[in-house]
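Shared between the two complexes below is chain A, which pairs with chain B and chain C, respectively.
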Partner chain A sequence: MSNFTIRKRTADTVDVLELVGELDAHTASHLEDSLKSLIELERYNIVVNCTELAYISSAGLGVFMAYIEDVRSLQGDIKLTNMSPKVYNVFDLLGFPTLYDIVDTEEEAIVMFTS
Partner chain B sequence: MSSNNEQMDSRHARYELRTLLDTSRMLIESHDLGFVLNNLLLISMGKLFSLRACILLWDPIKKDYEVAKNKGKTGLFEKQRMNLSLSDNLKSKSVILCPQDDDGSVPETFKKSGFCALFSIRTSAQHIGYLCIGEKANKELFTEQELNFIENLVNVSAVAIANSQLVRQLRTTNLQLDRRVQEMHTLFDLSKEFNATVDLEPILRIFKFALLGQMFIRSFFFLLKRKGSDAEVVVQNGMKGEFTGDEMDDLLKIKQTVTRTGDSHRQKFPMLETNKIEALIRLELQDEVAIMGVGARATNEIYTESDFNFLSSLGNLAMLSVQKTYLLQERIEMERLEEELTIARTIQQKLLPDPLPKLEGLQVAASNVSSQQVGGDYFDVIKNGNDAYIAIADVTGKGIPASLLMANLQAMLHVLTPVESTMSEATGRINDIIYKNTPSDKFISFFWGRYDLKSGELTYVNAGHNPPLLMREAFSEPELLSEGGVLLGAMPTMMKYQTGTIALECDDVIVMYTDGVSEALSETEEEYGEERLNECVKNNVSLDADGILYAILEDVKEFTNNQYSDDITVVVLKKC
Partner chain C sequence: MPSPKQHTIIVCASTERISDVREFVAKHATNFGFSDEDVHDIRLAVDEAYTNVVKHAYHYDNSKKVEVTVKTFRNEFLVSISDEGTAFDFASYKEPNIEERIMLRKRGGVGVYLIRKLMDRVEYRTSGRQNEILMSKKR
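Then we have the complex of A and B:
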């Protein structure tokens, strides 16, 4: 079993998901559930903090693809922060920086939402 | 004065050398093509006091030039492609000056742009392109010294350009390699995950995410056609609208492995247009066919051959796993059916008398073996006051349909036996009901007798059943009990069933059996037959009813080497 957990925090109008461990085919649905429940609660300003994300597979990236348009059509966004170079490389390789805001710190992302 | 001029010249020369040196150092260190080209242009324009200039780079694959950098009003634009078709003479020159060097092969558009000098950019190994410079702002001619300087600068830059081109190529190759590695990871990750999963839903979900993530797409569909069922979209994302059944069938008719959707496809299938489906990939696995449609990529990149390879691999992997889950579901379904059959069997067993009722003065032994879990053979012994009814029946066919009819017959017998009526009338009524209840190809061969416990008289009706054997010690050959009429369920009762009557004597033996006995096959496909049965009964007639039954079953078992293929039922009566 891969070890993967998601810690949820709420900072004002923004919800922060901290991904911890390895996000692969096995754990992708875990992230999906988290995103879905935020959307159901009408919380569309989502920051995904990747400080402790050790690995991400294509299936993990696919979850972001599957929900980004839904969230944006509801005037929200998913912003990704604090990626290790290794994780960033995977995002970069598949072209994610063209579609997603990927910033260095969680604070920057929150400011982008609130200003 | 002259020494002053000389001084000026040497200072100038030193300055130029320094520029060259600095530029060359800077250029060699830079692997950024844009920076190198920009520098070359700016220095040249500054040095030559020119208002327009551009750099053309030779594309060895497309065999033409591309405007890589353009400055000033040249009428050209960056990324514009052009053919130069210069004469061999001009091609060999390191500097082409217009109009004096033009032998007519300098293109018209070029002259219009006002370029008056073309510097060939080349390394010792290859031609890279041209630096094109417009005339001086003050319309003066270029001096020898100026041209020399630019030539030197171009030479230095040529190496830097070649280097940065190489670096760029390497980067592209590396990126592609990294992507392949990532694709491998994805496939590996998925096959691991699919193997650990037996449910359809998570497999499809993981497949969806991997596809979206790896291809960086929003919309796709996966259409699957399994043998014996309708085509259906088993998983999709971001698709607006739905395919009709006909559209799905038509999509599956596309035989090409990879189809880039053109206008004709998009007209035929509006869904492809609506959802910007760019390519269709056909997958085949045994009897299953699937079509995977993928939408535009978020990066606007077009799908490459290697993308299609990946998509096919991913699709095949998913299809295999989906098939696996279907097979598993089918197996579970089978097991459930088996379980139900086991219950049905228990019920059916209860329809047979167990234990057999004790009859005064008549030994009864019976056995029923089904080749399947439930069967169509039936026997019964029902005691009713001074009478005992003994019946045997064989429903055509096997399995569940036969067992249902058998249950139906059993119910009728138990209802009818207590009712006062003749055996002939009762058989006629049973036949009418069976005829009404069954399809025309279902019959029951049926034999039953009413035995008077006091008088020892047996009245029987044989409705198309293998005639039971009556073995009397006094006779060497068995008597066949065949009075009666047609099979039950074949036609409405029009002729009365005939009855036979026998007065049973002590030690008389009656053997009733179904055709599973007489038609039991040996390994060489030979039938057991009535002869063998007669022989066996004759040889064992002195035994009690149980002994005779056992002897018959053993004989059949031995004959068939314990491989029955049909239901086998035997009832033995012995009067004592």
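Then we have the complex of A and C:
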């Protein structure tokens, strides 16, 4: 049984992925499939809302590591929002906050894409 | 002199069992009196170590078994994860350059780095066919 799901929404030119549950080596392929399908559809402005992301391991971080440069080279980005302190801490341990846009709210991330 | 308390779970080497392994260790870490933050750190370190066994020691062969043992002694919480697969060569381990890995679109390769950040002590042991990672954290 999977303890991870993704809800997808489109807000104008931005696609929002809401991660729900636990993202680890077992569930990371689900996120990878979602990012790949957005890239195939030429949707490169991606917001990942982590409000309901209870847990992330390096396998989950690895999916962002694998795709963020591809998306950036196509003039898009993957921006992460609404992280709990525990989830943020994992990104922080690896120094990701200086490499990725991690912001408090989805609205802020959308404004960064549209302004 | 108090004697160590010990609990063991044996699971097949599959990513399907990661959450069971995490919950097993988290339950005992909570009972030992760790804060929520420390329990999260231990849970993540164990996840990374178990995932490495599934991937690198057993190459996703789920017919193989992994033994996870939790021991507590005085104020120390120890987790041992053992396998009989390909041994991890810690001597040739180099700390990853995260920015470079992102530029090269390389995923992962940061599990051991995280384990060492999250736990107080990490040791790799090989004895005959058995490999073991032993991690500990003090309360």
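Simple rule for what comes next: the second predicted complex is superposed on the first by the 113 of 115 C-alpha atoms of A that agree within 3 Å, B and C clash if a C-alpha of one lies under 4 Å from a C-alpha of the other, contacts with A are read in each partner's own complex, and residues count from 1 in each chain.
Basically, a residue touches a chain if its C-beta (ideal position, glycine included) is under 8 Å from a C-beta of that chain, and two chains touch if they have at least 3 such contacts.
The structure displayed is predicted, hence computed values, not measured ones.
Participant: Of the partners chain B and chain C, which touch A:G62 in the superposed model: first, second, both, neither?
Facilitator: The answer is both, since A:G62 touches chain B and chain C.
Participant: For A:F113 in the superposed arrangement: first (chain B), second (chain C), both or neither?
Facilitator: neither
Participant: In the overlaid three-chain picture, which partner chain does A:N3 touch, first (chain B) or second (chain C), both, or neither?
Facilitator: second
Participant: Touch check for A:L94: first (chain B), second (chain C), both, or neither?
Facilitator: Both partners, chain B and chain C.
Participant: State whether A:K86 touches chain B only (first), chain C only (second), both chains, or neither.
Facilitator: second
Participant: With the two complexes superposed on chain A, say which partner A:Y44 touches: chain B (first), chain C (second), both, or neither.
Facilitator: A:Y44 sits against neither chain B nor chain C.
Participant: Overlap the chain B and chain C contact sets on chain A and report the shared residues.
Facilitator: In chain A, residues 24-26, 57-59, 61-63, 65-66, 69, 89-90, 93-96, 99 are touched by chain B and also by chain C.
Participant: Can you tell me which positions in chain A touch chain B when the two form their complex?
Facilitator: The touching residues are 24-26, 28-29, 32, 57-66, 69, 89-90, 93-96, 98-99.
Participant: Could you please specify the touching residues of chain A with respect to chain C in the complex?
Facilitator: Going by the criterion above, the answer is residues 3, 22, 24-26, 55, 57-59, 61-63, 65-70, 86, 89-90, 93-96, 99.
Participant: Where on chain B does chain A make contact in their complex?
Facilitator: 175, 178-179, 182-183, 185-186, 189-190, 192-193, 196, 202, 205-206, 208-214, 216-218, 237-238, 297-299, 301
Participant: In the complex, go through chain C and note every residue touching chain A.
Facilitator: Contacts found on chain C: 15-16, 18-19, 22, 37, 40, 43-44, 47-48, 51, 54-55, 98-99, 101-103, 105-108, 110-111, 113-114, 117-118.
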